[in-house]
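Each chain gets a letter, A, B and C, in the order it is written, and its residues are counted from 1.
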Amino acid sequence: MHAMAEKASPMPMVEPIAQPVVLDVNGVSKSFGANTVLRDISFKVHRSETVCLLGPSGSGKSTLLRCINWLEEPDGGTVLLGGRRIGVRPGTNLRMTDRDLAAIRTRIGMVFQHFALWPHMTVLQNVMEAPVHVLKRDKREVRKEAEALLRRVGLADKMDSFPARLSGGQKQRVGIARSLAMKPDLILFDEPTSSLDPELVGEVLTVMQDLAREGLTMVVVTHEMSFARDVASRVVFMDKGQIVETGNPDQFFRTPQTERARQFLARYAARDR
Amino acid sequence: MTAYDYYSIVHAALATISISLLSILLGVPLGLGLALIRWSRVPVLNEIAIVYVSILRTCPSVTLALLLFFALPEIGISLEPVPAGILTLALGTSAFDAEIWRSALTNFPRDQYDAALSLGMRRFTRFRRVMLPQIVRSSLPALVNEMTLLIKASPAVAVLGIVEITRAAIRIGARTYQPLPPFIFALVIYSLIVFAFVRAQRAVERRYALAGAPA
Amino acid sequence: MNEFAVVWQHRDMIVTGFENTLIIVALGATGALVLGALLAVPLMARQRAIRAAATAYVDAMRCVPFLLFVYLIYYGLPSLGLRFDNWSTGIAALVLYNSAYMGELLRAAWADMPHEQIEAGYAFGFSGLQLFRRIILPPVLLSALPLIGNQLIQIVKDSAFLTIIAVAELTHEATAMQTTYFVPFASFIAAVALYWVTCIGIEGTVGYLNRFAEERR
């Protein structure tokens, strides 16, 4: 942990993004050993868009998502958040310092498949933790906002509970509130409902739908086709590490352009029946 | 350090090894006995076993050695240093071994035991041929670990005047005014002994693994 | 029974020894836990050289019998110019020796942590010391609690070895009482009883804290 040796100076602040293009992914590739997981991925995300990444397992969707906030480091290509390059120091080929990377990550929210709540903190503390300790905001203000967010996702009565006592759906709603508390420019959702029992999926999707309607910029990796069809502003279909097809949901679901997309949709249609 | 000095440490190592081995030979079966008492819940003895394990698990080896050597004569048992040392280490390890054995016993698959019962095997045979080999196999790693801990606790008997490795090293250091070389050599010897134990464990594990694959 | 009356009459000796043991154990355990937590970092380092160095330290401490280690510091170091008194030696030895065990058990608990939890820390902008202190360390301590308790008991037992370098802890005072008043049975039984009570106290506290910890896992 090289970063531990650095002095505790205030974190470099990153300003909220004003540009219409929030995320610009260009030529991203990633291999794990001999296995090429992402090949030359390029796409853009505009403000208030909800982009759904669809595709069979192993298509690289989650890896791509994790490359956006540099949880995985791409082997090639660039990722720009509001024009700012993530992961690499501007003008060089050198990796960003941990502090700069941490600063940029505060502008990107993430909701995890297995919730990833911090078990030693209460629900309210989970939501308040990053704004207070990373953004160094005033505790009382953050508390008010956190309580409001938890009320909004329907967990007002669970604020002082520990994550261990919550159901999967409740945990994920906390995860969403936790991301919202940072007021990010973009929230990444990594298969947010895949770990949930079927009856709990709805409560999470409802929250996500509301957020989309309110104009939150979202990139969602999901297998929930109904969500993609009803809520996404754009669908990106991936297979074997490449973007095979993109388009608006109506177009994609009713008239897929490529054979692979058609096969994928056929499999899902058969399942829904 | 002279050649004789090296020799005297090696000689002391023999004392360490033999005392340790005898302690293990006493302590491991004693631990098994205690574990069986706990497992079959023999009245009265069960409670005694619980208290025994609790006290001996928490008793420092040095204190126990002093207690056995100086206090036992009062109730008529007068021990020489070496037997007292062996008894100290044996009793100490028996408490930990009892817990190890007990864990293996409680994790033993009940249905195998019942199968032997239904075949009409008598109690002792049941135990000897069906249970014992398997609980030995599953306890072995923890038991050997405990043996290495015993070897590392063996310097405690130096307090009774026994010349084991640590004491021999100190003597040489006191004489030559260069304590580091004998200490380092003592360290090497201890590491070799521990290493030998671990290797023996792996060899025995392999042999048992071949013989005792689940049917 | 006469003996126990004598021991009770001169109980100050034993009580002082017991207090000293508690002080030594408290200092030793605190030091070992703090140093162990710091050691866990290089033990989990991605860079092989750093990890190897830390692992070498842990393996070295696990190879050495504690008493030999005490002697190394007390009798061995002076020949290199470093002289410590018996108390400093004792506490330093306990701290250094047990920090290796604490470090290893904390490392194991850290490695067992669900990876996503830590990733979430990174994703929300935590890094470096702050990540370690707020996101990694608390769950690690909570999950390692029973093992930390066991190590504490080991520290209590190791403290008795310090009698050999004349630290006035419990075993030393029991021995002194025995040689002064010829009451070996009572004095050593008293010592054994006090060690037992201390360790049971540690186990009880760990059990109590464990309930607190269960919620937070």
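FYI, a residue touches a chain if its C-beta (ideal position, glycine included) is under 8 Å from a C-beta of that chain, and two chains touch if they have at least 3 such contacts.
This is a predicted model, so every value here is computed, not measured.
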(request) Give me the ID of the chain with the smallest distance between its Cα centroid and the all-protein Cα centroid. (result) C
(request) Find the chain most remote from chain A, comparing centres computed as mean CA coordinates. (result) B
(request) Could you grab the centroid distance between chain A and chain B? Build each centroid from C-alpha atoms only and quote it in angstrom. (result) 56
(request) Could you tell me the distance, in whole angstrom, between the mean C-alpha positions of chain B and chain C? (result) 23
(request) Could you grab the centroid distance between chain A and chain C? Build each centroid from C-alpha atoms only and quote it in angstrom. (result) 44
(message) Which stretch or stretches of chain C touch chain A in the complex?
(response) 41, 45, 114, 116-117, 119-130, 132, 134-135, 138-139, 142, 214-217
(request) Provide the residue numbers of chain A that touch chain C in the complex, in ascending order. (result) 1, 3-4, 6, 8, 11, 69, 71, 98-99, 101-103, 105-106, 108-110, 112-121, 129-130, 133-135, 162, 164-165, 178, 182
(request) Under the touch definition given earlier, write down the residues of chain C that touch chain B in their complex. (result) 63-68, 71-72, 75-76, 78-80, 153, 156-161, 163-164, 170-171, 174-175, 178, 184-185, 188-189, 191-192, 195-196, 198-200
(message) List the residues on chain B that touch chain C in their complex, please.
(response) 54-55, 57-64, 66-67, 70-71, 73-75, 151-156, 158-159, 165-166, 169-170, 173, 177-180, 183, 186-187, 190-191, 194
